[in-house]
């Protein structure tokens, strides 16, 4: 297995380090205990069965632990399953780290940070520039680590920054084609629109929702943060702040999707469209990358459950 | 006309002071200018026509002015219309005031304030009590003046406070019937739930939406206000604040109705139900008050456009 | 296991009487027969496996039978499962009864009956009082036994009467807060609104839908019953009867929820709101009772599939 | 005007008897009173203006009165309007009757009655035959007079009987093509399905909804009537009665359209489909009859607001 | 097993030829391979387990193969399951054919072809007759073989032709009851409406969707085919062709169901209704045929997931 | 009036040529005839009243005629209205043309044609290039004249070509940002996606829907045209053609919006998004151009009836 578990085929022998994502105990019909593990590396994940698991195994093999595992890829109900032949916890001397086993953005954190800085540098409106810069400073570390979502699109390390930078690329072009667009406002909206996720989501790996994420959601969280930050920067009450809060509030497009107000400012509408377009391109390109010409992808839940066709004439 | 314009019948002669709510200019098919005025007193409103209006009339008879008018109630397209025979602007010596011509809550401001104070006094949780008290103090004056909405329910002077106090009454009973309910949390939620309207709406009379009302709405405005107030009071980060923000955020019940999160805490669900119940009772009782047993009310827009029947056996 | 199966934890030994709710036969991959039983007592239920089941076992262990069972609580796919070590049918000498193993209302039948009688006694309109009393007399026995639903809310013995009595409590308070409400009409509507369920549902235990329940439903059944009873009592044609039928017909609130007419009378609207409020409080309080502060409940299907949070500051 | 007002064209002189359907008073911008009348004969209706109307005119020209009118057809906002030149109330000596001015079914009452009798005669199931016959006897007079609806389809004298007889024609054919269908049940369902309209609607001319029509609707009314009639005929409790009630209850097809239960019996589904088909054919044929090949009809509200095209190749 | 697998009961011994519809490999918890087969004959299908499957078994027992199998019908999770005792592939000398194991229309291909020819013979409009005849000629072979759908209704060999002929029967009667209907247009619409399925579906057995079926669908495919055929026959541009394309385009009734235009011509509306009626009768009659009086059918997915009741009084 | 009627303010005198867009006759309450005209020039339109219109006026002043008109801009019910003082039909010697009075794209036809040619020149796939080129050639004249819609967006002369060229601009950028996108396919889809409108719409001025536009719509028309053209060019059956038809078919995004299949190919999804984005930018920019900073636009019907705010900080 050179390329990673995401590329392993049935029958292949496995002998490598992997991260335990989930672990649960079961009993065979004969009453014997076994463990079902979801293992992952940076390229994908696989279900694995550890038969005849002992109490010690149960205590050792828990989520977020790295293991050295050897075994064979079988098929079970149409899906690949790893039959574990030998397994042990990773040792400090193995020099492996959780961050080696998670998917990352295809662009490095340094480049992402450069692109963000460049966009802020282009901005001319001082109010918009100041508040944007203040947030980048406040959240810099996590912003470069967090995914943009728990699943569906940009659900990998640095996914949030990758999504923002990608959207800034579209915004730059849209501004050239339609010069009426207020670039500063659009840039500020793009950079801040999802920062509430840094409080809505639990972290970089095996991401879940925090309590305030569940009870408030990233949109109201960010609207409030802008209010607090504006007071701190003593720019409270300027119209830019209100409009920026509106951009954040409305960026999901309609009430049913979590925006109590629909976009009512030109740049709010564009922010919503660019967000949609980049999320869709990310999902589509990654799904189509895994199939051959003449085939359909799996159904993509966040694309209305559609399966997409990859034309064969492109070969 | 003893009882007010809301009780005038067709054919009746009118000779009284009224407030101009709206004014617009028109031309007869013969090309002559006239004014269409919407006049009101504390009991209701009526459309009036001032034929052969001069330029001076146009300048004199504008919204928010009080006039002395005599005329006759006619019927036009099934609705009453006032034919103006004589009209003049009110003079300082007439000793009439805008506040005489607007509908008011059936309970006085003093009593409403007492009830609010009493509820806060009942609260035992210090965090919830402190933040509630701080808002009452901050907004006391407008809270006792504003309507709860521009139309449909409690759309009169002190309507907001009347709605809050009425909801507190239900809450007290619900807490007795279901003692599991956290009364402090429910009281705080009720008192604060619509305070964002003090920034969403333009004022007490001929109420319209402010720009921040249109772009953000009273729910996100109030969530942000709680965040800012908590920081001021140095109770930021306490769980009560988060839960209280959730109560405000979710009190419209579902995303389509403006709450990005549905109620996910018991008291949030109850707050939503009590809000609904009091708004509906207010609309129903006022509409049924205007019809006789055996009749149907007009269609009530905010009650899904239903016309309600008043049984005749109640006579 | 002192408190009942609803409180048993994994690893605990069980030795008690339980009622078989469901039983089905399976084959292991080795081709050996086993029985899957759903067992219950008054506090909850658990899945159990009886391995190597004989033909005699299959005949003995069928739904509605009481058994004496000893075994151990294991975990299977995240849910508790009882591994049966020994089992036998209950004997007459064991002196256990089906009614010992089902959930019951937290209020006794006698108290429920007293509360119903008291409400009827308060009524002053003779027509409404007579027909309500006639139905209580006709259905007294089942009314005090039936659940209010097969699942979701008040789904226990005497659940229907408990729901009615609880709603009467809210109605009494609502009438005090809004004295325009016709208390007699509201009381009659509350007491009769769900009596059609006595024909829609099959009984007290392992409740299912009858054929007329499936083809007509409890609402049209009850509208018809009122018509028949009014004829019997020779009060057919009085307006109270029509209005009462309307209250029953409209109490689900809208066509999509089974009411061909929405509430068009004040008390019909209130009946609908009180029904909703009591059903929701019942679901919420019972679900929150099972979780600790700082936790979420399971998703509640009849509450739009929401999981509710129990604040930790309430500790 | 030989053919009737439904065929009059702009510019044509009118001199004939017509029935006043609606009358309302207005004031010109000069303050002079006039009457707006909706006049009709058996072929259609037209709006008419009576300028300079006196108090006597107001008292004379009221709904349900027949008048002799002469005037000219003008066009107003794209619709024909009758300018009244002379008008007088009809005299007893004119020998004109309200029934001359209303639209009637294209088939006589005698033939409709014969067809109903014939269908009942074909039925073999004694329970279904008895109850159907009993209702025909109870309602014979009104059944042959009432429209099937206030508007949209079969909204003319004898419209209800015409609709029933037309549906019986389709049912006979469907039974031949699919012999599994229970003809007796389907016939009984068709004959009774809309009889509740005899209580839901106010009468034959200028039909409106009764109070019980508004509060209960024809479907629950008829389900109840079947229950009462079954008790009278002492066939209460037979399964045919339950199934027949289900057919009535479900014939609108789904909850949103007023059927709390959808069709759950084969003949209930067919009844729903035949009802739909005959109503649609009635609307379509009458609308297409009024346009020329190559033209579109007006938008038909009850056909989802569609305008239908009449192909020109059919000429 | 005389009547076929659709009629086999639990405990019955099986010894017959069957067709493999699906095959998948699994592993027991002990790690031993087995095959899960879906087997079918002309009366129905059953799941079967072949334990201890070898690599040879895997290669031999694949979809579309006929096998000779003996075993016993067991029950597994409430559904019948065949336990295979012996199995071998069919030999040429067995003289069994795939077509023996699939469901067929209850009417022979010859009779279906006669009925189609007869309908075309009745048509008088030369344009409509020519194009209909041309398509019958082009697609004759497949038209008599294909199902009308992959599931739900007429999902058997010759199902498409059976559906068309059945619809023509209804159309003939509708035309007699409503003589305004253009019979030629309706016949042409019925015969052609689903011919696009010959390109949308993959074939007669184990039918799936083709790529053009997935990307275009049978409706746009057939609209295009009519355009191409009209050009070939040099009748392009005649109004009949446009109207016929409209009938095809609109026959699903509304946009959500795949018709970009709703029916806007009388015969288009009727075509839609007849299509619906025949599909529903086919589903209903076949489902009710499998249950006894007093029972409900399984839920029928394409009938809004309803379970239908078969009255017991019909016995 | 230098800038055109779109910029005229109340009280301004008008003396210029205008095109009659609509004309209808009315009667004053005194019974005198007048004409209501909708007049337009290249900047907008206004309602005008011609009082005391003669029969000759009626015959002269009809849609599509150019007139010389002098008058004054009044206000009527809040909207500007032109009071005509003098009017005459335009003469040949006036040298004015219908094309002078209609709105046009802000880019010339020559430039639009160059941009189209350039895009086709960039394409490398011969099949896609050939069919695109063939359509440009077939429809060149109308493609450069037609609007993209009857209202809402690009509803002006050359609007269709302007929309296409604008979309090509976005596509070029999207391809650079996401190089996986097949540019040839996307270009071909963009150029052809709305060509069906050349048959759906009646023409350049006072555009309405043709009969085939109403009965089929531009999407199925274009899918068929591609089929016919592919046969002509002998490239029928190549996968590019199928995919291209899919792009056209799915470009409205979902069934409710007229696409029987949703986008199932990457470029189909992008085509839909770009179409949406350019249409929205066109509507937004034109609406915001008409208001001042700090104001809201009128409600934009095709933007979900939203009124957009123009921030004042942009001044």
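Think of it as A, B, C, D, E and F in the order they're written, each chain with its own count starting at 1.
Simple rule for what comes next: a contact is a pair of C-beta atoms (placed from the backbone, for glycine too) under 8 Å apart; a residue touches a chain by one contact, two chains touch by 3 or more.
Remember, predicted model here, so these are calculated numbers, not experimental data.
*Asks:* What chains, if any, are shared contacts of chain E and chain F?
*Replies:* A, D
*Asks:* Per the centroid of Cα atoms for each chain, what is the distance between chain D and chain E, given in Å?
*Replies:* The separation of the two C-alpha centroids amounts to 41 Å.
*Asks:* Mind checking the centre-to-centre distance between chain A and chain C? Centres are C-alpha means, answer in whole Å.
*Replies:* Once rounded, the distance between the two centres reads 44 Å.
*Asks:* So which stretches of chain A touch two or more other chains?
*Replies:* In chain A, 29, 211, 214-215, 243, 264-265, 309 touch at least two other chains.
*Asks:* If two chains touch, include that pair; go through all of them.
*Replies:* Between chains, contact exists in these pairs: A-B, A-C, A-E, A-F, B-C, B-D, B-F, C-D, C-E, D-E, D-F, E-F.
*Asks:* In the complex, go through chain E and note every residue touching chain D.
*Replies:* 125, 127, 166, 169-170, 173-174, 177-178, 180, 182, 185, 238-240, 243, 254, 262-266, 269-270, 273, 276-277, 280-281, 284-285, 288-289, 303-304, 306-314
*Asks:* Spell out the residues on chain C that touch chain D in their complex, using ranges where they run on.
*Replies:* 211-212, 214-217, 219-220, 223-224, 227-228, 231, 242-243, 245-246, 249, 255-261, 264-265
*Asks:* In their shared complex, at which residues does chain D touch chain F?
*Replies:* Contacts found on chain D: 28-30, 34, 51, 74-78, 83, 296, 309.
*Asks:* Quick check on the complex: what are the chain C residues that touch chain E?
*Replies:* Those in contact with chain E are residues 24-27, 29-31, 211, 214-215.
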